[in-house]
């Protein structure tokens, strides 16, 4: 009769499991990766579908307390069922019918809105009301009261980006409904634009606004002018003509956890490819073009939204005759703040990837 | 014959699902929480068990390339099966037998070791070798070559803390094995301690080391002296006599993503309770005491390790006759860098929680 | 016969003098003042005289190497014969005839020009040429090659402000003539305005320009717009509607040693009086008004220049029906950098001084 | 009859003078120098004379309100009769008899004391009293109440360095006597040393002390240890083994306007020569050696004090068998804060100057 001696390593492993302990040596390759292998997938959502669904929601779904916003989230299929665009960023289409109000609340998530269409709508942040017009970037800094509403019959539609996934990952969410649906407007109309809208000049008697941008909205007319001016004199090999929105009191990004860009791809431009840590969400704002991500071509036209994951090689193409404009949001400030930003150019001779497929 | 009209809202919801879209209004309460509800659980690992398992691993498991380190990770039962102490921090007991070498590698995770016991062992970081002695804090800044070894017959055991979970969450891991098991020692023995070990004085001709602490190790003799000195003149109501290890060239934390503390609870001290965002890992370094976390009492004695989750109310107790010392690691710098730090004192009249249970 | 014993204190004092030593106790009140007693005097130079003299110099004095610039310095009668406006600031009227060139050189003094009149003239700084138009602020950062010239028949006249006195006080002057009278223009026309002229947006791929403002000129059209906008929503009790020119990449002043302001006094405004450390030079840019300095009224009209010394109580008055505009330069950044800035409001009930005289 | 036409340029020049205007073109070379030509002269004061005079003052001159301090100032012969060591720095020997009190006051000048000899004396700053022992550096940040006194029979003697000249130049002096000769001691003995004396560790609950060093005194035992440690591993070619005293909460200098160094010249060391903007005051603390300044050899022995002007080429020599120690104060932080720091090595083949004389 043979007695089978239990394997001591197996026994040890079992003891560890019982005591909530795990040996590194069994999983080093898994948890200390040689390079990033994001779950987040490159993905694209078509504007035609986004618009149709948002419009239908506008007919069927009221805006009520508890839901608070008619926002439809880009849900990356690589986020394990969570409604997140990337592991750090939430992105959504928001639809507001004429005469509606999206009720006032505040939260610790950091938020921006980029206005796609509509007229007569507004956003009020801490008593300062700004109009929402196509191409405007509107900020909602963390823990500021904000509500959105419409003074016209026309619907408004915009893109929301928030750091909800990061906020939850860090176990740092706080949320509070305002007692009223609409907070009182206490500032003069467009006060922050009037005070801070020429970024290189500021009220001399005020201390600088270090923690957050003093500008509540970056109007499209300024952005367009800056973009056209820049296009005359300079461009980046990887991103062509691209501007970062900044806090003019510090030069820093508009939020601590993410930054916003407006980008113009000149007709005929095909940028060099590169990759970097950090994830991004894009909105095709005007024109048409394509972005090649890890060898797959994502063709886009105005209104489409897409995601580039961390460390995914990517390049942009405008093979049309008109400029193509991209608005985008990047979690780069977060990566840089914690010393985890790294980038490198693609190493092919012409700096481009070999295209192996087309997203559809 | 009746025809059943399909519910249009159900139809819309189905269209969204097919297109990887999710309505905010169905889950606002879930993803925009009123306050944090961390998955991470308060937990404690007993030193007797940690030691026995590590010792047994020292007998059974060799240190080899691929595993690289004989480290046994605290695996919080609230981390969904991942071997993480909290959602941002990895913590482990590492065991090195006499004459062993843990081979040289580098990674983007930020790492510290706190030495619990042993003699004759060393850590080499970028050619600078330091001895590992009880109570020393030893740094491994990101992407620096490092190996650990022993020049004696004696085993060494220490606590490792790294930001592996954060690094993975951000899709920013990089790892590289060194061609040799042991890198060459190029600096004079203890060079960084000799150059920077009196923190208020620095080589006048060198630019300050902004990105990382120039001190590779914080020797226990200095820490103990600072602690005893501080105990004579000041204490905090929430944490009693507590020191933060800093980069003396900036005053900042030793790593961008976490900070380290050494804490002395004087005999008879019972601190006031408070809570804050951010998670922590503790090692009871000397003496005995207890920490009350969300009403549950976690009694500890030297060598025990425990976790306090984000926003968990906690207070510390030393009801013995001797000082009790706690070493701890906190992801506070990360929370502060992205404007997500918040704290508040407990609101009971005596500042303490009602104890409702004992962890066992 | 009496022998006069020499007084031992007198003897000691003499020994000190021989050895280049001085007792503090004899002069503490003199060198450690209870409050500032600047040598710099409040003063005003009339535009009619400035203009006539500059115009005459334009007829009589050529611009040649060695002199380099046809600049006429405001020489404060309290500066002991030195041609300085205040102890830290040099200010001058510069006159450039049509078709002239003020030859290229560079120096460590930090310089700005504020354009009063003229057309067809330019300033080239490190290969970037900008047009000089009424109301423009043009920067010359330290140790940058710069020359000024005219492409038209028209004369140009502007105000120069430099930190020459400080540079000399610190024994830090360096100066170098360029081999050519005019440096080559290497940048596209108005490159810095096109790249950085909308201050809240910046080329996303470039690192921020920390040490100096990336904007070479602040065009009057932007300044005027910002001023009119600000006037709609906010004003300071001491300075009314006042903007500071900033480096949009940092929010800091345009130079390390001084900052520039553009100020609008609304019709009927009489500001509250205050005083602060640091000295200032003003140019009345548009309209008319008065500034009360230490009880003396300095009435001014467009083109006049005046000085407010450190710690001099001052207030501004516009009792006309039109806005009055003041451009000014302040050494406040220097004072703040070395922890010597202090300010206080005037303590009379209505916040105004009693006027005891009129400067003439 | 001939009429002599007055020279129109002479007439113009006269008009300018009457109107307090000065033409740049007549003095460009004078006020915009090609390189620095400081008035401040290299100079040395012998300890034997300093001591004898201070001792005699101790016998003859009481410390009284109004004089406040028995301080004897190094009066550089190039400072035009002002009792200043350099254009920015005041330096003095201060003598305190046993049982004396130098009465409490405060001022905006920034001050340090470096203790040369004595026992039983103390300095109290804002209620925190520290002992004054040989080799200690003691800080008096601006506008802090401070008095010095003696609890023993022994006299104390130290070096004072303040930024009085800068403070006066900037028209920013404020001074206030305390109602009492000695302020109350409110802090525990040596509180700041006990709290902050191990610079790489700080009370975790306190915000960092950004504006000023939290350490009131840098004890000689720490400085000596740091110096001996550094000497084992590193040295600078221009200054040999040299440490800068820092604010451990920021890594910055101990004062905004100047920084302090302790320097060890190893036996046999002859440093390379260099020059930089900014002026310095030195105290030979131990041993003997020489400093060559602009070709002139300044031999020194313990207690001697000397000045190196801005942009003066200098090198240090220790040709004895024992280490030589120099304490020094430099206005470098001021120069750097305003972007006026520049340095360059001497360009001779061996990096040394040709010695053309000896100071005597």
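Order of writing sets the labels: A, B, C and D. Residues in every chain begin at 1.
Here, a residue touches a chain if its C-beta (ideal position, glycine included) is under 8 Å from a C-beta of that chain, and two chains touch if they have at least 3 such contacts.
This structure is a prediction, so every number in the text was calculated from the model and none was measured.
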item: Fewest hops from subunit A to subunit C - one hop per pair of touching chains; value: 1
item: Common touching chains of subunit B and subunit A; value: none
item: Per Cα centroids, the chain farthest from subunit B; value: C
item: Centre-of-Cα separation between subunit D and subunit B, whole angstrom; value: 44
item: Distance from the mean Cα position of subunit D to that of subunit C, given in whole angstrom; value: 30
item: Whole-Å separation of chain centres (CA-atom averages), subunit A against subunit D; value: 53
item: Full enumeration of touching chain pairs; value: A-B, A-C, B-D, C-D
item: Subunit A contact footprint on subunit B (complex, rising order); value: 8-9, 12, 15-16, 19-29, 31-38, 40, 43, 45, 49-50, 53, 56-57, 60-61, 63-64, 66-77, 82-83, 87-88, 90, 92, 107-110, 142, 163-164, 166-176, 211, 256-257, 277-279, 309-311, 334-335, 337-342
item: Complex contact set, residues of subunit D against subunit B; value: 187-188, 191, 193-205, 208, 213, 215, 218, 222-223, 225-226, 229-230, 232-234, 236, 238-239, 242-251, 261-263
